[in-house]
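Okay, so chain A shows up in both of these, paired with chain B first and chain C after.
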Partner chain A sequence: MNPAIGYTALISVSAITALIGFYGLRISRTTSDFYVASRTVPPWWNASAIGGEYLSAASFLGIAGLIMISGIDALWFPIGYTAGYLMLLFFVAAPLRRSGAYTIPDFAEARLESTAARHVTSVLVVVVGWFYIVPQLHGAALTIRTTTGLPAWVGAGAVVVIVCLTVITGGMRSITFVQAFQFWLKLTALAVPAVFILLQLHGGPTGSGAVPAGTDFFPAAAPAGAAGTYGTLSLMVALLFGTLGLPHVLVRFYTNPDGAAARRTTLIVLGLLSLFYLFPTIYGVVGRVFLPGLAAHGAPDATVLLLPGRLIGGLGGEILSTLVVAGAFAAFLSTTSGLVVSLAGVISQDLLGGSVRGFRIAAVAAAVVPLGVALGTDSLALAGSVGLVFAFTASTVCPLLLLGIWWRGLTDAGAVAGMLAGGVLCGASMLVGAQLAPDSPWRGILTQPAAWTVPVAFATMVAVSLATAGRQSPGVARFMSKLHVPERPHAAPGRAR
Partner chain B sequence: MPPAALSDSTLVLTITIAVVVAAVAVVAAAGLRLSRSHRELGTDAERATFRTLHSAAAAGAQLRNGLEPAGALKASRQLRALLNCAAFAMTDGTRLLAWDGSGAASKEPDPEAVMGLAARALGNGRTQVAVLDSALRVSLGLPEEGSGLKAAVICPLNVDSRVVGTVIILSTQPSAGLVRATNEVAGWVSAQLELAELSASRTLLVESEVRALRAQISPHFIYNSLNAIASFINTDPQRARDLVVEFADFTRYSFRRHGDFTTLAEELRCIDRYLLLESARFGDRLQISLQIAPEVLSTVIPFLSLQPLVENAVRHGLEAREGPGLVQLSARDLGAYTQVTIEDDGVGMDPEELRNILAGQRDGTHVGLRNVDARLRQVYGDDHGLAIDTGVGQGMLITMTVPKNQPGHDA
Partner chain C sequence: MNDDGAPDSQPGLRRVPPPAPPAPGRVRVVAPRSQARSVAAGTSVSQEVAEQSAVGEVMVRSLIRSQLRLGLVVSAGFAAALLICWTAVRWVPDFADWRILGIPAPWLMLGVGVYPIIGASAWLYVRAATRNEDRYRDLVEGK
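Let's look at the complex of A and B:
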C-alpha cells in the first residue's frame, strides 16, 4: 500500500481533532444566544459522542477480522456490543445520571459511604481502563505497519503522544463535540467504501472484483460454529454486563440534563450502533472471499484496511483507503482519549489529591502504562482481547452498579468482597485457561469465564451483604430516592410559568 | 473461539504479572508502614503521652457537631479509655446521649435514673460525687456482681457559663485524682462544644448573609430595571412585557426558599435573565461573551454564587466609566473540577483594598464578593475560595473552581 495514505490519514485526523477540541467552544455569543449555550447538548448529539467514544479498534477492525477467522460466530460480538446498551438503558442510565457521581468510584463512595470500597473500585476501574487501551494501541500498531511499513511501535507511540498532548494542553475542552464528530467520521469511513465495494461486486465498470460464480461465503467445509453453546453464552454475558461498567461510557451521561434525557440518549445510541455494525460485517464477509490469505498470515484485523485497495484499484481505491485508515485512527484516538480522561480523573483524585497538575500527571500515567504493555505483547485478535476486558468488567464493576442501584441491602463489605471474588476468579481463570492445551475440555470454560464468574460475583456480593447487614450505610434511603425519583419538574426549562 | 484466546496468552500473562507486582507492592508498603510505626514509638512516657493526645484528638473530632448521640458515643469510648474507668456517659440537659461501659457496667442503664443522677450537677453547675449504694445501684439497673463499683463522678459541661450537659463516670476506685481528672476531661469536652458552637454560629452568619444578599439583590437593581422597563412601555410594549416576565422569573429564583445548592445550568439561566434586564438598561454598551462547556452544566454549585460575581463585573465593567464594556463568562471542564471564570475590562481595583474587603475588614458595596468567597471556602475548603486577578484600571478576572463530584449536596 502507498505509504502516503497512512501519513495523510493520521495527520489529517489528528489535526481535525485538535482543531475541534481547541476551537469548538471559542465562538463568542451575545446575550440573545445565551439560552443556546446554557441549554445542554441534545440527546442525539450526546448519543453520537457516546458512540464515538465506544466504537474502538475492536469494533472498527476487530469484528471484520474475527469474521475472517471464525465466520458466523463472530457476529455475536456486534450483537453483544450493541445489546449491552439495552442493559444500560433498562437498569443504569437514568438512576446513574441522577446520582450526581461523575465516575464509578464516586458512585461507590456515595452509595456505600466507604472509602475502602471507593479505593477497590478505583483500582479495578484503572485496571479495566488500562487493558482496554492496550488493544487500541495494538490496532494502531497494526494500522501503521500495514499502511506505511514503519515499525509497529510507531503507531502505538503516535496515538499515546497525540492523546497525551491534547489532554494535557486542555485540548479536550469540547470533548463532546470531538467525540460526536469522531463517530460520524468512523461511520462515513466504513460506509462509503462499503457502498463502493458492494457496487463493484454487483458487476461494476472495471470488473476487477466480481464475485466468482458459486462462491459460498461460509463454506460448509470450514464449519463456522466451533465455539459451542457455552462459549457463546459466556461471551454474551460478558458483553451484555461488561458494557455497564466501562469507565469512559459513564462519564458521557453527565452531559444529559436529567435522567429522562439519559434514557433517550441511550435509545439513540442503540440505533446508531446497530447501523454502524452493519459495515464491519460486510467487510468481514467480503474479505473471506477476496483476501483469503490474510487469516492464515496472522493479520486478519487488517481486512478493513486492505479491502478497498484490493477491490477498487487506482486513485479511487487510494482515496477510499485513506478514508478507512482515517476512520481507524479516529477509533483509536477517540476511545483512548476517552479512557485516558476518565482514568486520569480517577487516578488524580485517589492518588494525587485531585489538583489540576495531578490530573495531567495522571493522564500521562494512564496512557504510558498501557503503551508499555502494548509494546511488550502482541495480540492478534482485537475483538477477542476487548472481549476479555468486558468479561472482567462484568465480573467486578457491573455487580456493584446493578446491586448498588437496585438493592438497598448492599453493604460496603459485600461490594468489596464481590468485586474481589469476581476479579480474582475471572483474572485467574483467563490466565490458567490460556496455558492449557487447546484440546483440553476446561479450556473453553476458563478462557470465557463470564458465564460463571458473573453469577459468583453477584452471589458473593449478596451473601456477604446479608451477613453484614449492620454495615448498611445510614444515608441509603436518601441516596436511593435520589437515584430513582425523577428530577423536580420545574428544573426543566420553559415549564416554569 | 480458540484463536483469539491463544493469541492473548501473552497479554493475559502480562496482566497477571502486573497484578502480582501490584499486590506485592501493596503488602510491602503496608508492612513497611507497620514496622516503622513500631520503631518510632520511643519510651513508655512518650507512648503514654501519644496515646492520651491521640484519644483526645479522636474524641474531639467526634464532638465537632456538638452534643449528638452518635458522636457522643464514639467520643465516650475514647474518653473512657483515657480515664480508665468502668463506665463513661454523656448527657445533654434533658436526656442520656451515650453510655459506654465494661464489665458489670456494660449494659446501658435506665436513662431516667442516669438523668436523676445528673440532675444536681445540671442544677448547680458543680461537680458531684455520688456513692453507689445498693438503692442507687438498683435504680440504675446494675447487676449484683457490680458491687465493685463504688462511686459515680458527675461533672457539668459549661458553654459560655451555661450548663449544657454532664459527663458521668462510674469507678471501682474513686479517688481525688480521678475526680480531678474527670473535671479536666469535662472542661476539655466543654471547650470542644464551644468550638462546635462557634462553627455553628459561623454557619449561621454566612446563612444570614445569603439571606441578606437575596434581600439586597439590590434595591438598586430593581429600581434600574423597573426604570428601563418603563422606558419601553410606550415604544415597545411587547419587549416591556417580556422584560417584566424575565424580571418576575429572576426574582422568583433569587427568593426561592429551599436548598442551598443549584446546578450551573440553573444559575446560568438566572444570569441570563439578569443580563437581559441589564442590557435593557445599558443597550449596546454591554457586550457579553460566553464559553460554556456542556459537560459541566450539571455541576452543583452553591445557590447564587455566580450571579453576584456577574453583577459585580457589570458594575465594574460599565457603571464606573464611559464607552462599551465587555463581560466574559466561561466554564471549563478540568477533569475532576469545573472552573468558571468571569472577566470584565472595567476599572479594576487595588489588590490591597480587595484583600481588605475579602477579609471582612471593610463593609459596604462588596458584600456579594465576600459572601461568595466565604461560602465557597466553607463548603469546599480554603483551596476553593475565589481567585481574583485585578489592578487599578486593569479590569478584573474572577476564577472559581469547584469539584464536580459532591455526593452530599443536592441541587
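Let's look at the complex of A and C:
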C-alpha cells in the first residue's frame, strides 16, 4: 500500500480531532465542565458521542477479521455489542443518571455508604479500562505497520500522545464533540467504500475485481457441537452483561440532563449501532474471497484496511483506502480517549483530590500504563481480546450495578465479596485457559468463562449480603427513591396533563 | 395551564405589558369535605414521598417493582427471540439452505434481521417505562 495513504489519514484525523478539541476548550472552564460537560448535552449529540466512543478497534477491524477466521459464528459479536445497550437501557440507564454520581466508584460509595467498596470498585474500573485500551493500541500498531511500513510502536505511541493532548487541554466537553464527529466519520469510512466494493462486484469482471467462477461468498457453518453451543452462550452472556459495566460508556450517561433523556439517548444509540454493524459483515464476507492469505498469515484484522485497495484500483482506490484508514484511527482515538477520560476521573477523584490538575496527571497515567502493556504483548484477534474484557466486567461491575440499583438488600460486604469472587475466578480461568493445549476440552470453558463466572459473582453477592444483612446502609430507602422516582414530578415541560 | 401572558399574544395591540410577576404555580383550592379529612390535609402526597413516610415508601416500592418486572419481561422476550434465531440458524437445515437474492437466510438473519428485533424491544420498553412513571406521577399528584 502507498505509505502516503497512512500518513494522510493519520495526520488529517489528528488535526481535525485537535481542532474540535481546541474549539471546545473555550467553553470548558470549571471542574464540573471537565468531568461531565455540565450535563447539558442533547440526546442526539450524546448518542453520537456514545457510538463514537464505543465503536472501537474491535468493531471497526475486529469483526471483519473474525468473519475471515470463523465465518457466520462471528456475527454473534456485533449482535452482542449492540444488545448490550438493550440491557443497559432496561436496567441501568435512567436510574444511574438519577443517582447523581460522576463515576462507578461514586455510585458504589453513594449506594453502599462504604469507602472500602468504593476503593475495590475503583481498582476494578481502572483494570478494566487499561485492558480495554490495550487492544486499541494493538489495532493502531497493526494499522501503522500495514499502511506505512513504520515500526508498530509508532502507531500505539501516536494514539497515546494525541489522546493525552486532547484530554489534557479540553476535558470532557470537547471530547463530546470529538466523539460525536468520530462516530459519523467511522460510519462514513466503512459505508462508502463498502458501497463501492459492492458496485464493483456487481458490475461484473473488471481486472482485479473479477469474481472467480464458482465462488461461494458464504461458507456453511461449522457443524454444531456442544463446545460451539457453550461458546456462543458464554459469549452472549459476556457481551450482554459486560456493556453494563464499561466505565467509558457509563460516564457518558451522566451527561444526559435527566433519566428520561438517558433512555432516549440509549434508544438512538441502538439505532446508530444497528446501522454501523451492517457494514463490517460485508468486508468480512468479501475479504474471505479476495484476501484469503490474510487469515493464514495471522493478520485477518487488516482485512478492512486492505480490501478497498485490493478491489478498486487507481486513484479511487487510494482515496477509499485513505478514508478507511482514517476511520480506523478515529476508532482507536475515540475509544482510547473515552477510556482515558473516565479512568482519569476515577483515579483523580480517589487519589488526587478531584482537582483539574489532578485530572490531567491522572489522564497521563491512564494512557501510559496500557501503552507499556501493548508494547510488551502481541496482538490477538482484536474482537476476541475485547470480548475477554467484557467477560471480566460482566463478572465484576455488572452485578454491583444491577443489584445496587434493584435490590435493597445489597450490603458493602456482599458487593466487595461478589466483585472479588467474580474478578478472581474470571481472571484466573482466562490465564489458565490460555496455557492449555488447543484440543483440551477445558480450554473453551476456561477461555470464555462468563457463562459460569457471572452467575457465581451474582450468587456470592446475594449470599454474603443476606449473611451480613445488619450492614445494610441506613439511607438505602432514600437512595432507592432517588434512583427510580422520575424527576420534576409536577412539571414535565411540553407535556399537557 | 398556559393562561399567563395571554394579553401579549394579541397582535396589533400596542400595549406595554405590565411588569410580569413571577409566573404563579398552580394552586389547588379544596374545601375540606369532612372534619376527618382535614387532619391529614397538612401533608401533600409528594411531601410524603420526599419524607419517606410509609405511604411514600409503598408507592416508590411499587414503582420499582413495576419497572423491574417490565425490564425482566422485555429481556426475556428478547432472549427468546435470540434463541429462536440461533435454533433456526444452527439446527434447521431447510432454513440454512434457503437463499434470498443469493444470500443464505442464516447470514441475513444474523447480519441484518436481529437488529430490528433489538430496536423494537428497546422502543417497547421505553414506551412502557415512561407510562409507568406517568402513572406514578399521577398517583403522587393525587389525580
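By definition in this document, the second predicted complex is superposed on the first by the 451 of 497 C-alpha atoms of A that agree within 3 Å, B and C clash if a C-alpha of one lies under 4 Å from a C-alpha of the other, contacts with A are read in each partner's own complex, and residues count from 1 in each chain.
One rule holds for everything that comes next: a contact is a pair of C-beta atoms (placed from the backbone, for glycine too) under 8 Å apart; a residue touches a chain by one contact, two chains touch by 3 or more.
If you're wondering where the values come from, they're calculated on a predicted model, not measured in any experiment.
Contacts of A:R471 after superposition on the shared chain: neither chain B nor chain C is touched.
By the document's definition of touching, of the two partners only chain C reaches A:L75; chain B does not.
Within the superposed three-chain model, A:P257 lies in touch with chain B and out of touch with chain C [touch as defined at top].
In the overlay built on the shared chain, the residue A:V373 is in contact with chain B alone; chain C does not reach it. Of the two partner chains placed by the overlay, neither chain B nor chain C lies in contact with A:H119. Contacts of A:L86 after superposition: chain C is touched, whereas chain B is not reached. Annotation for chain A, partner touching more residues between chain B and chain C: B. Contacts of A:M236 after superposition on the shared chain: chain C is touched, whereas chain B is not. Within the superposed three-chain model, A:P486 lies in touch with chain C and out of touch with chain B [touch as defined at top].
The interface of chain A with chain B overlaps its interface with chain C at residues 496-497. Across the complex, chain A meets chain B through its residues 25-31, 33-35, 37-41, 66, 69-70, 73-74, 99-103, 106, 109-110, 123, 127, 131, 134, 170, 172-176, 226-227, 231, 235, 254-255, 257, 341, 344-345, 348-349, 354, 356, 359, 373, 376-381, 383-385, 387-388, 427, 430-431, 433-435, 438, 443, 447-448, 479, 482, 491, 493, 496-497. Put simply, chain B touches chain A in their complex at residues 1-16, 18-19, 22, 245, 249, 252, 263, 265-266, 268-269, 272, 275-276, 279, 286-295, 297-298, 300, 332-337, 403-407, 409-411.
The part of chain C that touches chain A in the complex is made up of residues 1, 46, 49, 52, 56-57, 60, 63-64, 67-68, 70-71, 74-75, 78, 82, 86, 89-91, 96, 103-104, 106-107, 110-112, 114-116, 118-119, 121-123, 125-126, 129-130, 133, 136-137, 140-141, 143. Those residues of chain A that touch chain C in the shared complex are 72, 75-76, 79, 82-83, 85-87, 89-91, 94, 218, 220-221, 224, 229, 232, 236, 260, 263-264, 266-267, 270-271, 274, 277-278, 281, 285, 406, 477-478, 480-481, 484-486, 489-490, 492, 496-497.
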